[in-house]
Every structure is written in C-alpha cells, then in structure tokens.
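Just passing along the structure, written as structure tokens.
Residue numbering begins at 1 within each chain, and the chains themselves are lettered A, B, C and D in the order written.
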Amino acid sequence: MKPVLIGKGLKKYFGNVRAVDGVFIQINPGEVVGLIGPNGAGKTTLLNLLSGVLKPDSGEVLVYVGGKKEYINVAGWNPAKITGLGVARAFQIPNIFENMTVIDNLRAAIIASKKLYGKTLRFYDRINDVEREAEKLLKLFGLIEKAESIAGGLGHGERKILDIALALTVKPKILMLDEPTAGLSAAEKPLIIDLIRKLKNEINAAILVVEHDLDVVFTVSERVVVMHEGKILAEGTPEEIKSDIRVREAYFGEVL
Amino acid sequence: MVNRREALKIVGTGIVGLAVGLGAGYQIGVSVSKPQETAPTPAETTGLPGIPSGAFKVGYMYFMTGPFGTYGQMASAALELAKDEINSAGGILGREVELTYKDEADREHVVDNIVKMVQDEGVEVLIGIDSSGDSLKLIKTIEEELQVPLIVTHAATPKLTECAKRKFIFRISMYEEPIDIAAALLVAEKYPDAVKIANIGPDYAYGWDSWAVFSAKLEEVKPNVELLDPIYVKLGTTDYTSYIDSLIEAKPDILFSSLWGGDAATFFKQAVAKGLFDVIDAYFNPMLGATDTLKAIGDENVPSGGADIWGSGRYWFLHPSHNVYPLNKKFVESFKSKVGEYPPYVSGTSYTALMAVKAAIEKAYVEVGSWPEVDEIVKALEGLTVAGPMGPVYIRPDDHQGIYDVYWGKLSKGGPEGYPYPILTDLVIFDPSKVIPPPLKTYVKCG
Amino acid sequence: MNKQNKYLDPTGPLGLIIIFLVLALAPLFVGPFYVRLLAVGILYGVAAVGFNILFGYTGLLSFGHAMFWGMGAYGVAIGLEKFGLGFIGSFTLAICILLGLSVVTGFLSLRHTKIYFAMLTLAFGQLVYAIILKWRDLTGGDEGIYGIPRPLETVTNYYYLIIAISIVILLLIWRLLNSPLGVAFQTIRDNPYRAEVLGYPVKRVRMLSYVVSGLVTGVAGMLYSPLQGAITPESLYWTFSAAIVFMAVLGGPRIFIGPFIGGIVYVLLMNYAMDITEYWMMAMGIMLALLIYLLPQGIVGGIFDYIKKARGETK
Amino acid sequence: MMSIDYIIVQIINALFYASILFLISSGLSLIYGIMRILNLAHGAFYMLGAYIGYTVVMLYLSGADCAFIFSPIIAIIMLQAIGVGIERGLIKPLYKKPEELQLLVTFALVLIFDDLVKIAWGAEYKSFTKIAGGSLKIGNYTIPIYFIGIILTGFIVAIFLWWFFSKTLIGRQMKASAYNAEVAAALGVNTDKIFIVSFAIGSALAGLAGAIAAPILTAYPGMGTEAIVLSFAVIVIGGMGSIAGALTGAIIAGFARTIMAATYPILEVALIYIVMVIVLLVKPSGLFGREEVERR
C-alpha cells in the first residue's frame, strides 16, 4: 500500500537556525509513528511544515489522493485546504471553542466537515447524522457526561482530548498529534495512551505522534523517527531505537 | 435711516398700521405691568365660574447643557422671573403658573420629551426650542397629536411660520429674515461704494437661508454688488484661520456672517488676530447681539479703527431705551438682580412668551367668561399685542409670527459705559413694514 | 443530550412571547407617552439584537451601527417625503440602501478584527454621518426630514404594528442563530483559526453576519422615522453607535433576548435619568461603569446565571 | 493668481492645525499601540487640558504672557495624574476581561467628564480674551507668533517621542511590548510599569494639546467628542499604534483641510474620511501600520 503522506527534502531555516534541514519522512496507512528528539530538534517545526502552518523553504509535502496523479504537493498550502485532503492535526495548546459546550464543539466541527453550514433552515442540533457522529465521538473519547458542559471549563486533559476529537471529525487519512501529553498530570497520561490505542483500532487513519515522553511514544508507536538538529537521526521499531547507539548519544547522552 | 426717537414712533406706526396706536402700545404695556387692571385678582377669581383648580402647567425646552447650554439657562431664568411676577400678582385668573422643562440637548429624544411633557406631565402650553431643525421636527407632532400651543422663542427659520399657517405653533421672537433684510438695507444706505460682498456662515439651514435672504435683498436694493462664493463651516468649528486668510486674499468690502454663539466669538477673535478687519469696510453679524458671544469676545478684542462691526439679535437689553420705555428698564433690572447678568435675547423673548400666554388667556376669558379651551387660547393669541421688554409685540394672525423692532447696532467697548463686555451702540431701528415681508412670503424656498 | 423542544427555551422564543405579551398589554395600563416610549424601546431592542448578531455571536465589535439605524430611518423618510414612493416602496428602497451600505463598509472593515475593526466601523459611521449632513437636497442637512407620515395613524396602532414586525424579525434571527450558520458565527467568535482549519469559510461567514446584523439594525431604524414623524442626523452620530453597544451589554450579549431587553431598559433608564437630574449624561455614564464592573454579563445574563447557580445548589 | 504670501500663510495654517491634531492623535495611537486599548476618553482628556489651560491663564494669571508657558505644563502634570489614576483604578481591573469592556469604560468616562466639566466650569464657551505674543506680517497677512509656537511644540514633541522610543530603555521596552507583549514580558519587561508610562504620556499629550489649543480654539463641553473622531481618522490613515503614522496622518489632515477650506469648503467635513477610505483600499493597515496576524 502507498504511504499516505511523504515529506521530501524539507528545509526550514529561521535566520541561521536550521530548524528542519533536509528531512525525508513517510507515513504508511494505519501505522502509528512516533516522532521524537531532544529540545530544538525541529519536531514541531516539521509538524508545522506537514500541516501547512509553516511554508517550507524547499522540499515537497505529498499527500496521497489516489486516482491517476496519486499524490499532490501541498507545500505552502494553508492548513484549511490541507485538512481538506484528510491531513488533520491536534494542537499542543488545545484549539477549541471555549464558550461552547463540548457537544456543540463537536457538532460545529462535524457541520464544517460535512459542509452543512449553509443549511439555515435546520436547527444545528437536530441534524440526525451530525447527532449520530457527535454521539459516537463522545463515546469514543469518553466525554459523554461532559457533553453539556462549557468547553472552557474542562480540565487540561479533557480539553486536549476534545481538541483531538475535533481533529478527527474531518475523517482524516492521517492524524498528527502535537505533544498530546504535554502539561498533563501523570494520572492523565494513561488516558491519552489508551485513547491513541483506541483510535488505532477504531479509525483507519495513520497517526503521527510528536512527543517528549518517551515511555508514551515507545508504548503506542509501531515505528519511531528520531530527529536531531533538524535532521533525521534514526528510524525503526521502538526496540531498535531504544538500542540505537547514536540515539543514545544524541538523546540520552547526558543521561548516561 | 432713522434715529431712535423716530424709531419708537415707527414701531408704533408699525402697530398703528395694525390698528393699535403708539399710545395704545404703551397702554397695554402699562396694563400688563399692572396685571390687576385687566386680570381679576385671586380674591375676585375665587368667585369666578369655570376656573379649574390646580396649577397651570407650562413646559419649556431649550439646550440646557452642551455647547449652547447658556441659551437654555438664560431663557429658563427669564421664565422663572416671569412666573414669579405672575404668581406674586395672583397667577393667571388666579391659577398659579408652574414651570417644567426638558433638555433639548438630548437630540435623539426631542419629540419624545415634548410628548412627555404634554401627555405625561399635563403641560397645557409649550415654550422654547433653540434649534430650527428641532422646531420643524416638532410641527407634525404638535399639530396632529398634541394639539397644544407651542410658542417658539429662539428658532429662527422662516419655514416655521412663513411656509404655511400652523394652527398651534407661534413664534414670539423675530425670525432671521427681517434681520437679514435690514442688513441689506443698511449696506445699501451706509456703504454706497461697497462692491465685493462675502459670506461666512454655519453650514446648515440657518446659515444658508441667512445668506440667501441677505444676498437676494441686497441685489434688489444695490444692483452693482458682486457676491463672492459663500463660505460655510461646520457648526462648532474652532479653527477659522484658513477661511480668514482666504477672505483676506479675496479682499471683500463687506463681510456678512451668520455664525453664532461661541462660533461667532471664536471666529471674531481669530479674525482680529489675523487682521481681517483691517482689509474690509464692514462686518455684519445678525447674531452678534447675544450677550454670551459679546462676553466671549471681550473688550480686548474690539478692534479700534478698521472695519465697522455691526451686530443684531432678537432682543437687545438696551432697546427700547430704558428712559423712554419703563417695561424694559424694569425687566433688565429685575433680571440683573436675580441672575447677576444682563439679559441676553433669549431671556427677552422667553419672558415675553410667558407674558403673552397670560395676556391671551385673560383676553379669552373676557370673551368666553370661563377658563379658555385650547382653541380659544390660540384664537386669543392671534392678533394679540403684548408689551414686554422687547417693546410691544404684535402677533400676526395670518402666520403666528411676532412683529416688533428690528435693529442693527455698532460694536463698541462696554467698559467705558460701565458694562462688563462689549455692547451695541448707535442702534438703527427699522420700520417693521419695510423689513418684515408680508405673511407667508419668504425668500427661502419651502419644503 | 437534552432534546426538549427548542421553542420552550426561556432565553429564546418562550421568553420573547412572554415579553411581547406584557408589551402588548401595556397600553391598557400606561399613558400614551409611555406607549410611545415603549415603541422606541422595542425598536432600540431590535437594533441591539441586530448589533449582537455581529458582537455576541460572531465576536466582532462594531462601533458604527448607528449608520445602519440612521440609514434605515433616512431611507424610509427619503422614499416617503422626497420620492413619494409610499410605504412598501420606501421600505424596499431603505433595504436596498442598507444592503449596499453593509456590503461596502463590511468589505472595507472586515479586513481587520477586534479593536481595529471597532475603530474602522466608527470612522465609517462618521463618514456616513458627514454625507447625510452635507447632501442637503436629499437629506435636508441638519434639519433632517420632517412631516413623515405614519402607517395606521395613531401611535398606539403603530405600536402594535411594531410589535408584530419585531416578533417576526426576532424569531427569524433566533432561528438563524440556532441553525448551522449560527454555529459557524460562534466558532469564529471563539476561535477563528480553528474554525478555518475545520473548513469554515471564515471571511465569507463574517461578511454574512455583518450584513445580516446591519440589516436588522437598519430595519429597526426604518420603523423609527415614521414613529417620530421626523429624522435628523443625530441618529447617525457615533455616540448613538456607542449607545447601541451600551444596550447590548446592558441586557447581556451572551443571551439571545438580552440585548432586546437591554434596549427597552435603556430607554426607561434614560427617561428616568432625565427626570431626576440635568446631568443625565453623567448618570448614564456612571450606570454603564457600574454595569461593567458589577454585572459584566448584563441584566438578563446575571439573572440566568443566578438561576443556574440556584439550581446547581439545589442539586 | 494666488500670491506667494497667501500660499505661505495657508501652509502655516495647515501646519498649525496638523500640529494640534498630531498632539492628540499621537497620544491616542501610543496608548493603542502598547496597550491595545482604544481610549474614547482621550478626547475628554483633551477637553480637560483646554479647561485647565483656560483656568490657569485667565483666572489665576489674568492672561499674562508667562501664563501661556505655565498652563501647558500644569495641564501636562494634571492630565498625567488623571490618566494614570484612570488606568490603575478603572482599566487595569479589566485587562483580563473582554476588550469591549475596556472600550465601554472609556465611553462611560466620556459621558461623565462632559458633565463634570459643566459642573465645574459651566456649560458656556470658555474663550480666552487674548493670546500671548504679538504677530508677524507677511504681505497683507498676519500670523500670530502663537501659531508658530504651536507648530514648534508639535515639532518638538515629535522629536521627543522619537528620542524616547529609540534612545531610552523604557522607551525601547515599550516598543518591544508594543510589538509582542508576551515576548516582552518573558524578557522580564515590567508590563505594569510600561502601561502606566504609556497612559501617562498619552494623557499628557492630550492635555498639552488642549492647553495650547484653547487660547485659539475656545473650550466647551463636548469639544472632546468632536476631536476624538477626527483623530480616529488620522490614526487610521497613519496606521494605528504608529507615532510616525500619527504625524503623517495629522499633516495630511491639516493640509487636506486647509486646501478644502480655501477652495471648496463644502467638502471639508467629509474629506478626511474620504482620504481614510482611499488609504484603507490601498493599504488596509494604514500608511505606517503593521498587519496584525489573526491567531489566538
């Protein structure tokens, strides 16, 4: 099967800081890829390039669209258009609709993804397939009992979960999670781990996890990519990576 | 032109022409000053039939606050004075007069507030209105909904009285047109070789109409004039320097300006500072005779030499002259002692308005023998002659417009005469029949 | 998920019906002046609700809504007095003017958001004000247009006409705001960036909200000039734009009926302030300040918050 | 044919007007640029400056020439106090709240100050019966020295502001936090202090404008609302938050107005807004304005 997303020779410099310096990365359908690396390795920048938040200085971002031409180079497109091709992204700082209830957040997102916002003759919360889908997401993300509470009032963990849920409404081929556990209490982290596991089975989307917490990454991902100083340092199964000497130097160097 | 003594005669004959003699004029004057002679005193009224108990409510509306707030304050003071005089003399047919007011400065609610005074506060007669715009705005509501007399004492647009005969709307104060006509006559008379005529006025109906009237009349009486493009400036403009210099560039012989209130003062001082009055022959401002403007100008800014500065207004507290006309003397003195200032024109007109209401009701009473209905009050006001500070004022039946002296005077320092600010002297008084167009005739285009 | 009938929402139709029942009965109990006052209050209320579509729901603070109110009023006045179009014709004319105005000013000011947007709308309001003041052949300049006829003659009849029209308008707005489009408005208010990423056409939706908002406020203005029988440029001055914001905040911008009640309360407050003091402006100013510090969610907002709390405690 | 004298004189008039506009607008723009607050009461501050100036000159120093030096200084001091008081007392509590509340508080202040002025000084026009300094003649035309003084004041203030923002530490910090408040705060800039300073300077500028303008332009309640909308247009043209923009905007407004006044007065009122619309069409963020990226 063809990879759903390919980053080719991506470069992004900030002044003389080479945040991303010629990276090749590809994500295959349905796999969970962990992207790790020490601070300033360029993980988040890479994510921003892939999701269109930033425009690469050079290189291509190819999204699989099937058909004859198979791939479209979306480098420099705006996030909305890229999302439209099924490349969804959740944010490190939750990007949710603070003053709306949890379920309305989901309804809003679903309505957008189904392009229903022109239907001015219907009640937004009386559209069956929207309700069904919202229901499903609430269950999937364990937000049922929070459905009617204002999103702004949720705990940090729940807001991140809601943020991911919003990202899912576009039925993505690939879902990018930016530091899903950052700022979460030790108690909340397992929630996210379970969630990612669940997502892997429930939805047929590849997942790219950028994460600081190595335990999380090694537990959830089938393949791990290590970045260092803007370049890809190593790539492999969690076991391989754990045992990779270069990674240890670059990464755990100081630890040893 | 005429001197002051003749002038008074002309005022008279203006009224004689309306079948009231000079003597009669003063007769009324005297009689009004001693109410008990025409009006029954409370003692008598108690026995009178058909006099409702309870106070007689009069409502007034002026700018009480905002840039033109002084107009309202001064008018209100004069109305209070009139009220006290009436009440201390036994009220109107024994009914005590009670005043209530609303602030015209609340432009959004002018109509609502007038309605409120009548429908909610039981006001039976309305007095006031500073802004021409507001006065026109009220016509429909007054005539169709409220149907109580409104006696306008300030708003000066001809459209109010001269475009159509209103049933309930009267104007006791002189409107702008006769004053502008008089100015034109004065130019023709005093400045035979003046040619270039310029105008700077406020950019709204009053400013446009004043110039329209003045220039039209001037072209009639002085065919050789050359009228420069009129300059109109926003109401409340504070920097006139550019206009002044373009005027100096144009070098008119006569400058006509209908700027008023603080605007007139601001313009005047900037004009002095920039030496405008050294390059023109004469300056005519129909609203210069307003004490607030004169106060703001101050003796320091009265140019010595240079152009003649002519001013006018709807009432000037030194005319009719105190020594021949006691009513004005009495009013000025009691006003001064009550308010601590000389009465500006709004005070003269508003005071007269209330006195007119009293006279009308009493006149009607003599006919109907009971407290008059609104229509009877209106009927009594038509053709009424009331003598107040402004001299005898005759209310024309056919347009409800008050007819009395029109004057122009020269600006001079007040200090030497013992006044705290500049005053108008060498008054020229005009024969009303020469400057006041016949009823429902106007240079301004209606509608 | 509560699936109770949406029309029973006390902050929506139910509340509206109750309020309008009270308003409809009012003339039986109060004098003609207060009927007139309430008529003005209702129109202010509708104007404020219109403003709130943009402000409370789409998160854009317009400081120039007096231009819609005023142009609605002038549109009708001009149609009736200058062109003799009759009521239907004049109202159509006014609607067209409002559409044009909102599209043009929207196009120019919606390139910005937040305070910058507020400032631009304010400046445009002043531009329109200046034009009305200057174009005296058409607008009568400062004198404005007077002698405007009123449908159904008496104030009380017209009052009921106003009530009828207002109910319809408000229900339509409520319907719109509870449609997917209404949700789009709110997502843009809360998080324009995420809304865009999710696929909402943010710019187009904003424009739509702006036009609808201007139109509603304008329609209220259209009903205003026949009520008054006259219209002057003061109705377009920027301080009235501020007054509209005042009304919305007074009632509570987070609640559908908030601004409507705000409008009515504003008129009554103003009326009261002017009775008790000649410094009514300061009185209103202090009232506004107190409101901002003590009850930023507005009267209605406060009430419903209180009810929620009370419920919460009983549970 | 226009005389050269005439043109010179009109240029001076334009600069005089621009100078006062600049003093008002720069304060407004500065406060917006650094605090993202649109201070509707700024016009009221200008009005207060004018009344204070009037009181000092006419009542206490009975129009002595030296008074015209004192009055602006006193106005500056008092307006700084008032401005800071308002910022600390009324606006600070709202920094975390939605921005429209800040805007509305400043509007409440407009309503309150207009009446306060009436209570303190009465509703009528307060106008100076004289101004300091003589006048110089250019051909037939007279230019009061005082005008030149006002133009110079505007010029000096412009230079002062430039020096302040580019040379002094606090000035640079203010510039930084104007660019990005979070970052500045992260770099240990004391935002509180900066807000106080900007409000102080902004208000002082309004006060100064009022004090020096009053002798020529007359003081009256509500003069603020007139002035504020004009300076809105000015800073929209120049670009909000930019002092250079305020200067340019003011000069454009000054000349546009004078040219209109001297040639086609009817358009004068609307002109400034027409200029504004044109600028917006060409450069939405104003001549010197930065595009604001919309992001949460």
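What we mean here is this: a contact is a pair of C-beta atoms (placed from the backbone, for glycine too) under 8 Å apart; a residue touches a chain by one contact, two chains touch by 3 or more.
This is a predicted model, so every value here is computed, not measured.
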Between C-D and A-C, the pair joined by more C-beta contacts: C-D
Whole-Å gap between the CA centroids of chain A and chain D: 50
Euclidean distance of C-alpha centroids - chain A vs chain C, Å: 43
Distance between the centres, which are taken as Cα means, of chain B and chain A, whole angstrom: 80
Distance between chain centroids, defined by C-alpha means - chain C, chain D (Å): 32
Multi-chain contact sites of chain C, meaning residues that touch two or more partners: 133-134, 191, 193, 279, 281
For chain B, residues that touch 2 or more chains besides their own: 64-65, 203
Overlap residues in chain A, where contacts from two or more other chains coincide: 95
Chains touching one another, given as label pairs in label order: A-C, B-C, B-D, C-D
Parts of chain C lying in touch with chain A, wherever the complex brings them together: 1-2, 6, 175-176, 178-184, 186-187, 189-191, 193-200, 205, 254
Residue numbers on chain D that touch chain C, as the complex places them: 32, 36-38, 40, 90, 93-94, 97-101, 103-105, 107-112, 114-116, 118-119, 225, 229, 232-233, 236, 240, 266-267, 269-270, 273-274, 276-277, 280-281, 284-285, 292, 294-296
Interface residues, chain B side, partner chain C - complex: 64-65, 102-103, 106-109, 111-113, 115-116, 118-120, 132-134, 136-141, 145, 157, 203-205, 208, 235
Parts of chain A lying in touch with chain C, wherever the complex brings them together: 78-80, 83-84, 89, 95-100, 103-104, 107-109, 111-113, 115-127, 131, 135, 147-148, 166, 169-170
Complex contact set, residues of chain C against chain B: 31-34, 36-37, 40, 133-134, 136, 140-144, 146-148, 155, 228-230, 232, 234-235, 240, 270-271, 274, 278-281
